[in-house]
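Letters A, B and C name the chains as they come in the text, with residue numbers starting at 1 for each one.
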């Protein structure tokens, strides 16, 4: 039972899934950190990316790589639309309004997918799935390795963007003190659009890399948003670094509890840890001082 | 906002429903009216927290599901008189409301939304996996008919009457709450929470009580649902009920105390009249909700009239 | 602690983000007095009021009200102990009528549980009747009686400031912390507000008033505290304070006018 190979395998699986959780969660925490809005369309955006990939691969016959290159700009556009329709108009209003708006978008997206693709689960096959190789007795699946690489690259790329680009600087400034930024002339709308688009694209990357791993169904967004919330809260709302750390931690925990326990336990665990964090340390691991 | 003799005016709904029922309509029409009646109770539940206090609790399904499962278990394992079990379930869901409310209400409004939603989802997970008690994904088919003081029924006309009685009782309590001094405390808490505290109210207790009462109402709706549909499974904790409720409460006319009632009836009947498929209805509701948030968030009166933006 | 002091503050300190807002503040408010608190903007007056009334948690120190330690208690608990605090910004319930704004304060102090409030009953009705009588009386005193059924949010700024005063009285307070009660109010109304304060004071209510309006401070207060950059600069009678060069310097930064 404590076979080191088994443990190593679980660890690897956990890292892979965790990196993807982290990547998806960055999208959510970015919007919260910069704009203080909770994007309830998060899960459905992930789902949309996965389904768009499916459509590109199955109906357009595109190879995986090209499909991804097609889907991501689409996600950017969708992100822009989300920003215009549900987030920008409501920035000065009580945040519940944005919750309901993004929830509305979630409902719209899920319905559209149901109406076009039906409710039966579908599957995406990619060439990476059949690739496996073994190192020291541990199985590496091609797609999973790809997820890990892409996730880490995306996170690093985003961190660089945030740190060194002008927009990234402005985003960080707005996250710290919106009023001051407005006073010095930072265009809040532009920053809002950028933040939402970045967030949605990052979520989209998570969606397209993870898509081949599981069956896709129109309601898969629900579980995603639930897990993403847990990651964001545990990692600290507004902290991208926290999201990654928490994502990986939770991915590993999930792998181990599923491996040694059951799926039930791991599902419930996310939530229980989140509640505990909120009660004991509401800022999460790395969160900024959000009002408790 | 609250007209004279609201208790009389609220009778428009049972009178209308009974009038329709007396014309000898199809089983389908009766079914729609019964479902509307169940939503009338649920809409009050959401309104108490969202409309009355501005708290976006997405956790209504948690209490709906607890009510449904509790009633089912009491009925299947103990065969209790349904009136008795209704009171018991009301007590159980009230306590659940306190248990869930205490930690949730201490959090920021952002976390509150997420946590209340998560409670409902956690309960769904539990219901799915705690097979010994809940029979997991199989659920409970063949839930026995209710039995009140020896009198039992399964036909839809009797069900409609039963639901309408339940509606009248719960809505009367709802009106009572809103017109009482506690209702004024709710208005003060919503209008300016810091001031309410500075003036001497424990706004935490105010919110907690409203939250628990909201849960109780949802639980009562759950008991009716369980006996009427005769089948429940973990999906009772699902989000689709919330979708409908949001539209009912947000669009159901917030300027009047009857908003939830009107919203529940209109948005149960209308989609059926127009023969919308579930997916299309969901799509339409999403669009309506989005439009409502864009155009009228401030005009939604009770929903978003916050004195201070809580950010 | 001085006997005869209604409010006793010792070494109260509060910092925000590394900036010390109030710094080892110590003073006693004698019972039966109207005391003023002055100081330039940013001197910590509102923070002091926040700490006294429970809205903010001080870092250290002690506050006692009538001999009871109240530091760290919640705002509602402190209000129940009859220390009522008003705010600088508009602080009324905009969607309630004027008379309901008044009555809701009495309701908060009625001691009834919420379930009782829902079910009603004769003692609730009796209390409500008494609250209504008091509310009407006070509204008449402050000349807002005719407007009592109007929504508070529709009132003018000055009327809302008046309402705030009336609401504070509905709680039968022992001491009221008035945070800039006449800021932005026209001079005629200011005189009326002053007369209300005087009248209520003679009925047994103490006041601790933050104001920039030095005329009001001079006319009403028997003693004045001055706060500057979080510290008590000086205390004394209004005459002493106004002629104190340190006060003049802190406010005007230079020669006496």
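To be clear about the criterion, a residue touches a chain if its C-beta (ideal position, glycine included) is under 8 Å from a C-beta of that chain, and two chains touch if they have at least 3 such contacts.
Since the model is a prediction, treat every value here as computed from it, not as a measurement.
Shared contact partners of chain B and chain C are absent; no chain touches both.
Centroid distances built from C-alpha atoms place C farthest away from chain A.
Averaged Cα coordinates give chain B a centre that lies 42 Å from the centre of chain C.
Chain A and chain C have Cα centroids lying 49 Å from one another.
Distance between chain centres (mean CA atoms), chain A to chain B: 32 Å. Residues of chain A touching chain B in their complex: 32, 36, 38, 85-86, 89-90, 92-101, 103-108, 110-112, 114-115, 222, 226, 229-230, 233, 237, 262-264, 267-268, 271-272, 274-275, 278-279, 282, 290-292.
Per the touch definition, chain B reaches chain C in the complex via residues 176-177, 180-182, 184-185, 187-188, 191-192, 194-203, 205-206, 209, 305, 307.
Chain B meets chain A in the complex at residues 54, 56, 103, 106-111, 113-115, 117-118, 121-122, 125-126, 128-129, 239, 243, 246, 250, 279-280, 282-283, 285-290, 293-294, 297-298, 304, 306, 309-311. Touching chain B in their complex are the following residues of chain C: 53, 55, 74-76, 79-80, 84-87, 91-96, 100, 103-105, 107-109, 112, 114-115, 117-120, 124, 128, 167, 171.
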